[in-house]
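Before anything else, here is the set of structures, which you'll find just below.
Okay, so chain A shows up in both of these, paired with chain B first and chain C after.
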Partner chain A sequence: MTDQLFYLDHAAATPVDERVLAVMTPYFSDRFYNPSSPYAPAIQVRRDYEEAKSRLATTFGAKGDDIIITAGATESINLAFVSTSGHIVTSAIEHDAVLAAAKLHDHTLVAPTEKGIVRPEAVAAAITPKTGLVSVQLANNEIGTIQPIRDIAAIVKQERKHRLDSDNHDPILLHCDASQGFGQIDVNVARLGVDMLTLNSGKMYGPKQVGLLWVRPGVQLAPMIVGGGQERGLRSGTENVAGVIGFARAAELAHEHQKSESARLHELRDFMQGELSNAFKQLVVSGHPKKHLPGSLHVSIPGLDAERIVFALEVRGVLLATGSACAANKGTRSHVLTAIGMSDAEADGSLRITLGRLSDKASVEQATAIIIEEITRELKRTGHA
Partner chain B sequence: MSKVYVGMSGGVDSSLTAALLVEAGHDVTGVYMKNWTQDLPGMRCPWADDLADAKRVAVHLGIDFKVFDFEAEYKQKVVDYMIDEYKTGRTPNPDIMCNQEIKFKLFLETALEDGAEYVATGHYAKTENGWLLMAQDENKDQTYFLYRVTEDALKKTLFPLGGYTKPQVREMAKERGLTTAAKKDSVGICFVGQIGMREFLSQYVTTEPGDIIDRQTGDVLGRHDGAIFYTLGQRHGLDIGGGLPYYVVGKDMDKNEVYVSTNLNDKSLWLKEIKLSSIHWINEKPADGKYQVRVRHRAPLVECDLRGDTLVFTEPQRAVTAGQSAVLYNGNVCLGGGLVSEI
Partner chain C sequence: MTDQLFYLDHAAATPVDERVLAVMTPYFSDRFYNPSSPYAPAIQVRRDYEEAKSRLATTFGAKGDDIIITAGATESINLAFVSTSGHIVTSAIEHDAVLAAAKLHDHTLVAPTEKGIVRPEAVAAAITPKTGLVSVQLANNEIGTIQPIRDIAAIVKQERKHRLDSDNHDPILLHCDASQGFGQIDVNVARLGVDMLTLNSGKMYGPKQVGLLWVRPGVQLAPMIVGGGQERGLRSGTENVAGVIGFARAAELAHEHQKSESARLHELRDFMQGELSNAFKQLVVSGHPKKHLPGSLHVSIPGLDAERIVFALEVRGVLLATGSACAANKGTRSHVLTAIGMSDAEADGSLRITLGRLSDKASVEQATAIIIEEITRELKRTGHA
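Let's turn to the complex of A and B:
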């Protein structure tokens, strides 16, 4: 391993920002109290906690009372799905957490376009009178495509109206898994028009194992975890105060710098795409040319064994993922790449590059040069170049 | 320069094997044999990590890498055999079966069909003109596990580690920057390990509790949870406390009884001669006469007299168990051997 690391896998994990860590640490020691305890220092901790939730909610246009703190996005998604009775509509390119939760119900998977966009019309076509939940991600974790959530929300509203008109009182809700993208694109529950929203602290430079589910007032949920009745009875267990304090700070920082960070990442990503496309004529860039996260770049070279590139690059300090980190571990192909109709040869030759705060111009230039070197070496070795 | 396919398990031995062959100028392809992928209760099967480790080394060496999927055959030829043997009360050795059926048969055949001229593995053994010879490192010698390999297979096989000791192998792997240099060795059967055998068998065999009986007094000392889990000479895991340690001296599979004794000299623990079955000689059948024999991996080599399919030990041997292998040597040449039949 070299000394210098080039981390290009921000979609997998982000480091906890030092400003986030700084505000968390007192809550592990001096302010360790249980927020439910009756004495003054504990009551102060409760206030800090509620205040952090409120600040956290504000970053995406919501109220603190309407969020349920969970141990990460997977739990948030499970909580959103568990109360649903009836049919579920979701997309074929959701995260495994959504797909697995959907499988527990009668469900329909909507196929994306070849560019990885979930079309609102396709969602509309999949909705039945029995549909209780529609769930579409804000942005894809593999190919980075940004989904038209606002338009999908309009479809759901239309269906709701149609049901009222036809005396069908079964509710239909829209959940959005916004684990990817916060801090890179606008995330606001009112503008998105969703009924439930999942966010993940660990993907926005906050601590891992903290997430939230925002629920529009009036939506009834049932708890998965019962006990002391914390989080309005929807998620019992002593509050993760330090985690939430950190999550709130992380969200504030991400929200505050979203526009400049977005522009910065866009430029770095486009530079990389340009360099790689110049170096390899056969390079395929997947996803949508415009509607993608600023820091996401998914490239494929048909015939290349991308896993070899990942292993060759790790030795040189460049850390990135094959098409999908989870899928690679299981030795199976990515369901996302399959869903957008990618051939096996292309899928196996896919690299996912996700830039973030650890990426600056100099390091991206260096990393790009190293990636080109290693891919070239491998193509020569296998007689492809 | 030859085209060599190396079985790469993701461990240090096979990693260095591949490295040495590359250095010797061969056209090397690394192959991960996907034999078993299932988790067991309380045990995660590390196959995906091992596969990634093997591939990392292949990438580091700049060689081709393939995965051969032998899961179905491994289950049938190795695992089912092992379970059947345990069911009949014997103590099989799945590593020997794996070498016979998978590594030096299926892997070899598949590699040759794929264009290989030789296969190589990280076994500590040597081979010359179809002979199987003990490794330089006697402590690490693995010929015991290889005695059922054929002469034809050996002629197509390279064992580059035969001349090295394990510490040397680790050192050489480290010098070459192989990421597996410090990786822990797998123990016993690759996928289960010694401790896990009981849990593993419990997945496939229904067992009934039965009596543990003192052979000397006939007293019932306790209960066991299935006679198949016990093997001759075993001391631990009997859960009968107090006084001198008890040893398993026999079992009756039909009655589901396990017999124990504190008498280290119990006659069933010490055998003067055994009958061999499923005999396999690597080269020509050796003439009757004096040889050395090993009755389990790393057991000392002891003198014996081969008389047809009977093996007479010069000194009685302890805890020779039905189903295990007796492997014969003439000096450093491994001749082959057979399974210890019912005693």
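Let's turn to the complex of A and C:
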């Protein structure tokens, strides 16, 4: 394998930013105290922890007291779902964690449009008087589509008002899995109008296995993990001090540079789409032409064997995924691509390119040239070109 | 506050060993890949992760495939309990996580002896034909008592045989919370004879928020957190690669030096007990005189205000806890001390001293002298001496 690596899979994992690791490190060794211990150095650790939660919450317009720290987005999602006894409305293109948690309840999967948009009207149509939770992702992890959360929130509020008027006191809440997109697009709980929000440190250059569930004040939640009563009794276990200190710094950095990073990634992505479209007339770009994450590019060439391409590219240092990292590993087709109505030939010939901090102009240009070379070679080999 | 710190609270938290942090660090930055991604560097991360699980399991006589990585002992315990539908037998001196998880089921709390031992006969008497789980800790986190797990395992096996003979096919399992004691006493699943075992990285000089549940092959478990299907479907979420690499190294170091560390701590603790007993004739040492963790010393002086002493000691750099770190913080009396029949005056005058790697001869001697000075001063002040 070549020495230089071109990492084009930021949706799967992001490296911990060196500025994040720098602030975490002291909490592994010198400041290792249990935040529940009674002496001053431990009390200082407790303060640092609470202060980090507060800074973290501020990055998306919330308060530290209203977030529950978890071991990542999957746990956050499970926690959001465990308190619901009612029917669940979610979309067919959610992350596996949402789909698996929904399956434990009576639920309806809303089909997206062909461009991968979950229409508010479709959500409205799926809501029943028994619906307790609506869960829609901020942005799709495969095709990058940004969902109209604000409009879906309006639908949920309307249903809430309707219930109040008709003396139905069953609550209905809106949860948004915002694992993908933080640092690329605006994430603010008030502007989104959600009741619960999931964020994942491991997708924003923070440490892995750290996440949070924000819960609007007044919303009642039941714990999934019981014990010492940490996180206001909603998630027991000795606090992940180093992890949260890192998560907070990662969120601050992502929030601070969101606009410039968004513009930068947009330009790199559009360059890549242009080059690939020029090179391959049969190229299909999936997702919505405008409402997509700045760094996300999902392309398909019907008849191409994407798995072979991923391998050929890897040999040349270009690291990217076929359709979905999760689905690829299980040898099944992506449920997202099926849901947007993609043919099997197209789905099997699809590549997911997600740009991020490791992408700069020079490396994206080089990577694009390599991708074009390798696809061209493969199409020739199989007689497609 | 003084510059030098004497940390005598290893049961509450341990610093991450520098050798552990050194092996973890590359997995935050260079080797940050998602273990589920399809390209070679990610596949190498997957291999490193599985290999670390295997090395980790080896330290307590198990196989990597039989452990489920969690976010710590509290989650492990919750996971062990969630699969049980039957009655639960546990002891009155378990950690809060076990007691809270047990409360969600029909359960019986076995009272310990005055020395803090959970007698196998008492466990046998509490087992009913409906008992699905017996959970007893390896060693107590407050008074350090080591429990006769092997003998309790024999009781559970006997019950299992009895059920087989009487055509009762309801399973009965034994879970052991071994959060305290690893690295100080022998921990081996075969020798203990347990069906499930909880270990906590954060108590053995590894990173916090990493733990494991070992499950004997053949035992059926239900997941608590669903999603991408990681950890054989029993605990979803992107793997905590850095954490597990660190946990494995921490467990290896603890296992490797267990005998010498045990002898070293025993000597330091016995020195301390001798000095304190000489200085204060009214000193009560709790727990079992022989069956205790080498580094644990729980002492009480009836009438002493332990909270004042903890504060006075902290000013002089000696960090330790009253009765229990958890209970102290909640302003309630320790459930462990109540269960062993300690009077309120004795409980309120108790200190928990837990030695570990930060303890050496010189520092223990200094700390002991400071403790004696401060207790003497306080007893004089209050007219007790």
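We adopt the following convention: the second predicted complex is superposed on the first by the 385 of 385 C-alpha atoms of A that agree within 3 Å, B and C clash if a C-alpha of one lies under 4 Å from a C-alpha of the other, contacts with A are read in each partner's own complex, and residues count from 1 in each chain.
Here is the rule we use: a contact is a pair of C-beta atoms (placed from the backbone, for glycine too) under 8 Å apart; a residue touches a chain by one contact, two chains touch by 3 or more.
None of the values given here were measured: they were computed from a predicted structure.
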Chain B and chain C placed together on chain A: clash or fit? fit
Exercise. Can A:36 be said to touch chain B (first), chain C (second), both, or neither?
Worked result: second
- chain B versus chain C as contact partner of A:71, first or second or both or neither: second
Looking at the overlay, does A:312 come into contact with chain B only (first), chain C only (second), both, or neither? first
Quick check for you: in the superposed arrangement, does A:228 touch first (chain B), second (chain C), both or neither?
second
Comparing chain B and chain C in the superposed model, the one touching more of chain A is C
Quick note, chain A centre (C-alpha) to chain B and to chain C: the enclosed angle in degrees to the nearest 10 is 70
In the overlaid three-chain picture, which partner chain does A:381 touch, first (chain B) or second (chain C), both, or neither?
first
For A:238, decide between first (touching chain B), second (touching chain C), both and neither. second
First, second, both or neither for A:303, with chain B first and chain C second:
neither
Key: Touching partner for A:341 - first (chain B), second (chain C), both, neither   = neither
For chain B relative to chain C post-fit, closest CA-CA distance rounded to the angstrom comes to 5
Shared chain A footprint, chain B vs chain C, residue numbers 307, 329-330
Touching chain A in the complex, chain C uses residues 1, 5, 9, 12-16, 18, 21, 25, 28-30, 32-34, 36-42, 70-75, 77-78, 95-97, 100-101, 103-104, 202, 207-210, 224-229, 236-243, 307, 310-311, 314, 319-322, 325-326, 328-330
Note: in the complex, chain B contacts chain A through residues 48, 51-52, 55-56, 58-60, 62, 65
The answer for chain A against chain B in the complex is residues 305, 307-308, 311-312, 315, 329-331, 381
